[in-house]
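Labels run A, B, C, D, E, F, G and H following the written order; every chain starts at residue 1.
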Amino acid sequence: MKAAFVMVKCELGRLEEVANAVMELDGVSEVHSVTGSWDLLVKLFAPSYEAFGDLIPDLLQKVPGVRETQTMLAFRAFKPS
Amino acid sequence: MKAAFVMVKCELGRLEEVANAVMELDGVSEVHSVTGSWDLLVKLFAPSYEAFGDLIPDLLQKVPGVRETQTMLAFRAFKPS
Amino acid sequence: MKAAFVMVKCELGRLEEVANAVMELDGVSEVHSVTGSWDLLVKLFAPSYEAFGDLIPDLLQKVPGVRETQTMLAFRAFKPS
Amino acid sequence: MKAAFVMVKCELGRLEEVANAVMELDGVSEVHSVTGSWDLLVKLFAPSYEAFGDLIPDLLQKVPGVRETQTMLAFRAFKPS
Amino acid sequence: MKAAFVMVKCELGRLEEVANAVMELDGVSEVHSVTGSWDLLVKLFAPSYEAFGDLIPDLLQKVPGVRETQTMLAFRAFKPS
Amino acid sequence: MKAAFVMVKCELGRLEEVANAVMELDGVSEVHSVTGSWDLLVKLFAPSYEAFGDLIPDLLQKVPGVRETQTMLAFRAFKPS
Amino acid sequence: MKAAFVMVKCELGRLEEVANAVMELDGVSEVHSVTGSWDLLVKLFAPSYEAFGDLIPDLLQKVPGVRETQTMLAFRAFKPS
Amino acid sequence: MKAAFVMVKCELGRLEEVANAVMELDGVSEVHSVTGSWDLLVKLFAPSYEAFGDLIPDLLQKVPGVRETQTMLAFRAFKPS
């Protein structure tokens, strides 16, 4: 499985509703509310990197109350030695 | 325990060395190399939010090869219902 | 008490109305209109850092005319020696 | 007196030294370490807005360990009614 | 007289209409359409820096079709020796 | 012919529709969906750089579902030696 | 083959030298100098998305004179109907 | 003649020296120190847009003390009716 992190900005005042809806999407494993200019950090998994190209516009961006997203694909996970 | 995510930019060509060194720091639980304008996404834990105020400038930013950091504190972790 | 600074972008032409409404919120101690890409800089206090995680989406972002916010938690206040 | 807020990025690992030095500058009234992409938020006063045009490049930017600054002039301070 | 430069983002497809309306505002001396992430660069004059604190939210931001603005106050104009 | 690259942000959930419509515009030679904070990267050609000054606000920004654009003019194309 | 676009910032005054060196790297198909905040836009190909995770830090970022990079993976190429 | 605006960031403490040197370059007509994240706004002219593709890396970026530049080409100058 491949991992991606997606930063999400919500319509103002809808953070909790969006976070709960995102949490129910297939492949989403973590949703955190964060300080700064983004509202949520989402970790999700897909069988291939190509799959994120569909998953994010077709699923995540269609959650009501999502206003903007920024995707970072995770390439390597470093492990303690 | 409280969680924070730190985006890290490395000196060019030193990503792997930095990732391995960061992985060894106390409280660090995940290090991923990511696409976009940042090189690494780091998840770390501390007993209180105040602790990050010391931990990040005193430990993480002193790892050789770290060039820039941006911290997001994680407030709420949403769980599947 | 813990402090945070929140940058606020208002709907165009509603700066004064937003500033006055923000000024009335519990915990807000200063509101300044500023040059640059943000309209207002707000200083606010809460009993704990966790409290900002609710206060900002639930109170500040719900002020009519607020368009976007960016939060910086203040960790240490430096004093003249 | 006029007020300005200056965001400051420090050379990595020199935050505390910079904050203490900035605190000693004439006109500086508050220095806070903050989360996010900037290290310090500085509040300072000068007799006129023009004065900031000299004060920031000539004093603040010359503090050893300062790496980058971004200035916001404060125009109006809103007061509780 | 004091000078300021304001970057303006227009609602899509309304650039020309906005530019013409901005050009008619008191104090505006130049309006250029520019490449990049902003649509227009506006140069304007006011009797004092404080005046921009009103002029920009009260006049410029109220031009129909203006979507976002970012202000830079001009402190010193350098002259050929 | 001169080349330009335009980054495009679409209204959420309309990426595919926008990409197909942009692809049909005169002068557009490539449209790619990309990771990060932009949705599409568009390569287009015009007989002169001046022509982009009209083409982008008058054609590209008027495609339904386009939310924001950022233009980079391409000056020199480097060739393998 | 998979495609990626990489924005490159060069050390000042070394744009041409960097562009020529990047052009010689395996997998690089286009290098353009562009207006805005980046100096070069590079299009490159690799057999898989994972490969970019090595190729960019290990090859592209090690070209002398490269100062900063930002990667966008290209997922779908849209074609005229 | 074609116009461009270039935002310039200087090495800290060298603003005045850079501004004076930039002012002497061929084609430069205005240099202003500005508030915000950039230090100088430079207006310059060239016989064609292509010429900026050489002029900025070859002349402006080579002025000692220039740290970063961002170019906006000016397409249309709007005139009062």
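Structure notes:
The criterion applied here is as follows: a contact is a pair of C-beta atoms (placed from the backbone, for glycine too) under 8 Å apart; a residue touches a chain by one contact, two chains touch by 3 or more.
Values in this document were obtained by computation on a predicted structure and should not be read as measured data.
Listed by label, the chains that touch subunit B and also subunit G are A, F.
Its C-alpha atoms superposed on subunit H, subunit G is turned by 90 degrees; the angle is given in steps of 5.
When the contact pairs of B-G are matched by residue number against G-H, B-C or C-H, over half are shared only with G-H.
Annotation: A-B is the more contact-rich of the chain pairs C-H and A-B, by number of C-beta pairs in contact.
Rounded to whole angstrom, the centroid-to-centroid distance between subunit A and subunit H, based on C-alpha atoms, equals 40 Å.
Subunit C and subunit E, compared by their mean Cα positions, are separated by 26 Å. Multi-chain contact residues of subunit E (touching two or more other chains) are listed as 33, 35-37, 52-53, 70-73, 75-76. Contacting chain pairs in the structure are A-B, A-C, A-D, A-F, A-G, B-C, B-D, B-F, B-G, C-D, C-E, C-H, D-E, D-H, E-F, E-G, E-H, F-G, F-H, G-H. Note for the complex: subunit C touches subunit D at residues 3, 5, 19-20, 22-24, 30-36, 38, 41, 70-81.
Within the complex formed with subunit B, the subunit D residues making contact are 12-13, 15-16, 33, 35-37, 39. Listed in rising order, the residues of subunit H touching subunit G in the complex are 52-53, 57-58, 61-62, 66-73. Every residue of subunit D that touches subunit E in the complex is listed here, in rising order: 49-50, 52-53, 73, 75-76.
Across the complex, subunit B is touched by residues 35-37 of subunit F.
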